[in-house]
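Here come two complexes built around chain A, the first alongside chain B, the second alongside chain C.
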Partner chain A sequence: MRERTLMNARGLGLLLLTVLCVYSFGTSFLFAGDGNSQNLNHILSIPNAEFLLGTDHFGRNMWLRLADALQLSLFLALACVLTSVVTGVILGVLAATRGGWIDRLIDMLVTLIMALPGLVLVMIFASIAPGSLLVLYIAIALIQWVEYFRLTRAVIQRVDTSPAVESSRLMGFGLWYLFRRHYWPVLAPQLLTLAAFGAANAVLMMASLGFVYVGIQPPTAELGQMIVELFPYYQEAPWLLAQPLLALALLVLAFHLCGRRGADAPD
Partner chain B sequence: MTQLLFKRLLQLLGVAWGVSTLTFLLMRSLPGDMAYRIAAGRYGMDAVDTTSADLVRAELGLDQGPFRAYLQWFSDLLTGNLGNSLVSGMPVVDELWHMLSHSFYLAMAGVVLSMLIAVPLGVATAWWGGWFDRLMLTLSTLMRALPVFVTGLLVIILFALELQWFPVAGFGSVSHLVLPAIALGLSLAAVSNRVVHNEARKVMQSPFFEFARTKGLSNWQVLYRHGVRNLAVPVVAFMGIQLIMLVEGVVMIESLFSWPGVGHGLAHAIFARDIPVIQGAALMMGILFVLLNTAVDIACYCLDPRGGRLQ
Partner chain C sequence: MHLIKTTDLAVYAGNVELLQPLSLTLNKGERLTILGQTGSGKSLLAQAIMGNLSESLHCEGNVELFGKSRSLSERKALWGRQLTLLPQEPWNALSPLMTARNQLKETYRLVRGLAESAARTRTEEDLNQFELQAGADKRVDQLSGGMAQRVAITCAMAGGAQVLLADEPTKGLDISRRDHVVGQLKAQAADGVLLTITHDVAVARQTGGRVMVMKDGVLLEEGLAEDVLSTPQHPYTRALISADPAKWWQPPRQVFPEDSEALISARQLTVGRGDQALVSGLNFTVHPGEVVGVVGDSGCGKSTLGDTLLGLIPPHSGLVDRQKGISAHHWQKLYQDPTAAVSHAVPLNVLLTDLVQLHNLDATSVPALMARLGLSETLLQRTASEVSGGELQRFCLLRILLLKPVFLFADEPTSRLDPVTTREVSQLLVDLAREQGCAVMLVSHDPMLIEKRCDRVIQLSA
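Then we have the complex of A and B:
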């Protein structure tokens, strides 16, 4: 029973994620036009055959804009997760197997990074280069690798004392073999969970910055900033405000469901 | 314990160093001549000329090399001199104290509300289980997928725009605090009620709990005498983990509701490029974050002196 609900939650998350990906990436192939081009003859129009999701206060096509914004979020999430997983795992393996001053040095770095709430750090970075996607990506990755590092280090330190690893080591196998054969199988499922939540967090960070107007600058479509832009038109066009809200919530929900482990089991 | 406290002290120093270095880089990376910019901030755009810029340059020592300037910047910080706001001209420290009290009310209200929601709900779902538990699990999952500012926005739309029970934004009276606190409390409770649920279930399935019921204590007695304290340790420890959510939530909620706290101040300062305030606000948040974490550590230690759960 529990096994099945878990599969369902993950399956649902993957399905949602696939739908969002197909919509956002498919749109750029299948639909002509530009999400940023304005058409002041058609402002705040309701969804119709020409504008599938209506148009915003500048007459921009919401279907295209929303796809652009989702694409940006997905892209950023992927980049941040990949970078921070690779960095975190490599440093984690180093710290756990080499120990000594490497371990202490990285541990100090981690302590420093964890001393500041992530969002505040990202905001400071964003203020150094306003509107730069690259800086946003660097800042988010800089915060997130810490979690993968801590997980990797803890797991490897535990696995390292097992008889299996001991004997492999005695037989003279190298670090790469140990990693592939012993560490990775234990590590992978937990990394996946962390990565799913990390992706959700990256999306949230960017939307949060857009929401307080210090993130990606207009006219680039970005979910958080679209929410702020469309809020003043809530009375006239509530369906417009609902679109980025729903897109953001669904994206985060999809990632959370993918990362579900053992039906909200404790760690 | 000593080792842990030492680590926290290291973090405190690290925060000061990290924030000041980043803001120093920020200061240096701004385009244009800094002296002119500061002079414009002080005397107004029209009153700026070469003399006033030179005065500022001489006063603040802006003509030193980058390394000396950095040392100056950092030693200013260590002596508690955070400078004046480039926008209002007021000392940053005064502004921060003002903001801090507002942030504090909001954060407290949010945490208390989230506990009032999460603890009864978590214990109740663990006690009854069944469809009630599954319903709350689904609700929590959905609630969790909503970023805190979206929750805030929905709360505004429902209670302020449609029902008109509470003011949309601003501050001054208790009614202004209601909506931000609800938004913050709901977001926090969405996660913490499941943690309470898990811990409560663990306690309720434990042998000592079973024995207490077998020996004839009433449900309330069992819960009060054998449940609460065992439950409290992991839940308080989790509140420490949730501090990040709290701080980030406060930043977002303050910006959304124009609540004049540190988070709102930080967002505004970034928008206005008011570097001393950025430094002050970020520093304040970092220091508070570390101090609160330390408080959680100590609370866990007091609740469970065996110390096994620490670290």
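Then we have the complex of A and C:
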């Protein structure tokens, strides 16, 4: 009943994500050519046997470009989530178990970051070094670790006072053991949910920056920037504008479905 | 009309039968007590009837409630208002964020459906009746074990259900409160059904009605309470009844002179939690090999004293001198609630291996210790959620014994165990003291147990 629908939601999300991954990474192996080479003899062509998704206003192969853009988004999402989970969890454990000035110092830093709207902070970074993927990644990871930190700190502060942890401490076990056996099992399901939403947010953030032209610079294919490039041709070639929009929507949907709580998680 | 009827109800974990097929019928006004050792499948029966078995288990057979066969979702609709399970572990049953008073009031408002003012009046009545006013504005983590248990019972009964399934309702309560709780249960179930699951023979006697004696998921004996308890037929029932602490053999007490070398000495000690001092003016010494009983009302600071002696919290004032030069892991604590005291993430044998590796312990002594504690190898392959409280407590004791402690603070270690296991576990604690020269401080609400097991008693009073 309810449990079954939840299982299906997560399963559907994973399936969708797998399909998108297979398409974007498989394309680089299976199809010749690249998404940036122009062919002005074939501009704005409708999907056909040669160009599976048609071509854009420079005659670039949309099938290849869309795969490149998705690859970039997936890669950035993965990198941002991994970095911010590791940072957030390590600092969260430190703040919750050590307390004192470490806790206050990190808390101050977090308050500073949270005081600014996330997207504005990323835009400041992006406009310092336009088009740099590295700076974009640093900026997004910098605002995202805060979430994982706050979750980790709250969960571990509670677990830390339980008799189980006290007993393990009395028996002489160290912090790493407490983390493996006590903190992580409680934390992991909640982190997974947060990480799925975090990945979706990273993708949306990069697309937003591309859309206002401060993100990844042309000719590199990027979803947000493709949307704004194809926007003027929505009347002549609406199928072209629909492609990056649909890809973006599907990718975000896939992440959100993955983040649905499993049947085993408490309400 | 029968209110509960089970037909060949059995519980399995995979292919392993945990509860033998059992048929029982309870009509309006009837009381049934299921008596047996921990781990005998008693709790599973209640969960199978309620429909809240954990996902790794499944049940077969048929359950009829209020004269009709009910699906799981139909049974859920009855929860609280018509059918209630009094939970075994109050810590898992109460909201960790609400005070006892608000929790009780919310139950009256939302489950019973009373108006705000009526709910408030009923809440205050209950708090007075169960002597809970002192803890009414505390959260569950601030309450003592006995108080939390009474709050959980009050909340479970507030819904007004007349079919009560009570899983060890008197665990962790002292005798006068136990009698009160049993009286309340009988009164509320007068027009319904009371199914009590217990290991306490005295509770079975007070409840009256019918009794079923179970061991390892098998029904051994069944009949009217007075018949079964006065003339038990099965050897196991006889063992259970003779395991009452009052009938234990009392070993000679050992006297440790005050001036012999002390392991711990406390001078003018005041202990408390946060800013609140609980007990003051304590002066005592504990010697190696001594068994010291600690008694006092629930919530009077017994656990806090233990934490202070172990160095987990600082004393409010006064001095605690612990013998120098003993490494930290030789000072141990046995917890009241074993399910809260171990990690549920991995099987028990992994936890055991972790400990053996950490301190390079002698793993060859494990099988002998396990045999002595009555633990089997297959049991250790399960996680903490999948074994009974009694089994888990014996596992906790196994880990502690392996560490060869010099001091053990045992905080009501037997309040979740049946009489037979209580006798064995408490005897093991005494043996530990005598054989390894470990000082044991034993907290219990049972004066007979303290009397039979301890060399000396420390009485705490606020």
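By our rule, the second predicted complex is superposed on the first by the 261 of 267 C-alpha atoms of A that agree within 3 Å, B and C clash if a C-alpha of one lies under 4 Å from a C-alpha of the other, contacts with A are read in each partner's own complex, and residues count from 1 in each chain.
By our rule, a residue touches a chain if its C-beta (ideal position, glycine included) is under 8 Å from a C-beta of that chain, and two chains touch if they have at least 3 such contacts.
Here the structure is a predicted model, which means the values were calculated and not measured.
When the two complexes are overlaid on their common chain A, residue A:M171 makes contact with chain C while staying clear of chain B. Within the superposed three-chain model, A:G100 lies out of touch with both chain B and chain C [touch as defined at top]. With both complexes superposed, B is the one of chain B and chain C in contact with more chain A residues.
Touch criterion met: A:G118 reaches chain B, while chain C stays clear of it.
In the superposition on chain A, contact is made by A:S162 with chain C only, not with chain B.
Overlap of the chain B and chain C contact sets on chain A: residues 264.
Of all residues in chain C, those touching chain A in their complex are 55, 73, 96, 141, 310, 312, 327-329, 331-333, 335, 337, 340-346, 351, 354-355, 358-359, 396, 399, 403. Across the interface of their complex, chain C is touched by residues 1, 158, 161-164, 166-168, 170-173, 177, 181-182, 184-185, 264 of chain A.
Across the interface of their complex, chain B is touched by residues 108, 111-112, 114-120, 123-129, 204, 207-208, 211-214, 224, 227, 231, 234-235, 245, 248-250, 252-253, 256-257, 264-266 of chain A. Interface residues of chain B facing chain A in the complex, by the touch rule stated above, are 7, 10-12, 14-15, 18-19, 22-23, 25-26, 29, 137, 141-142, 144-147, 149-150, 153-154, 157, 161, 194-195, 198-199, 202, 243-244, 247-248, 251-252, 255-256, 266-267, 270-271, 273, 278, 282, 285-286, 289-290.
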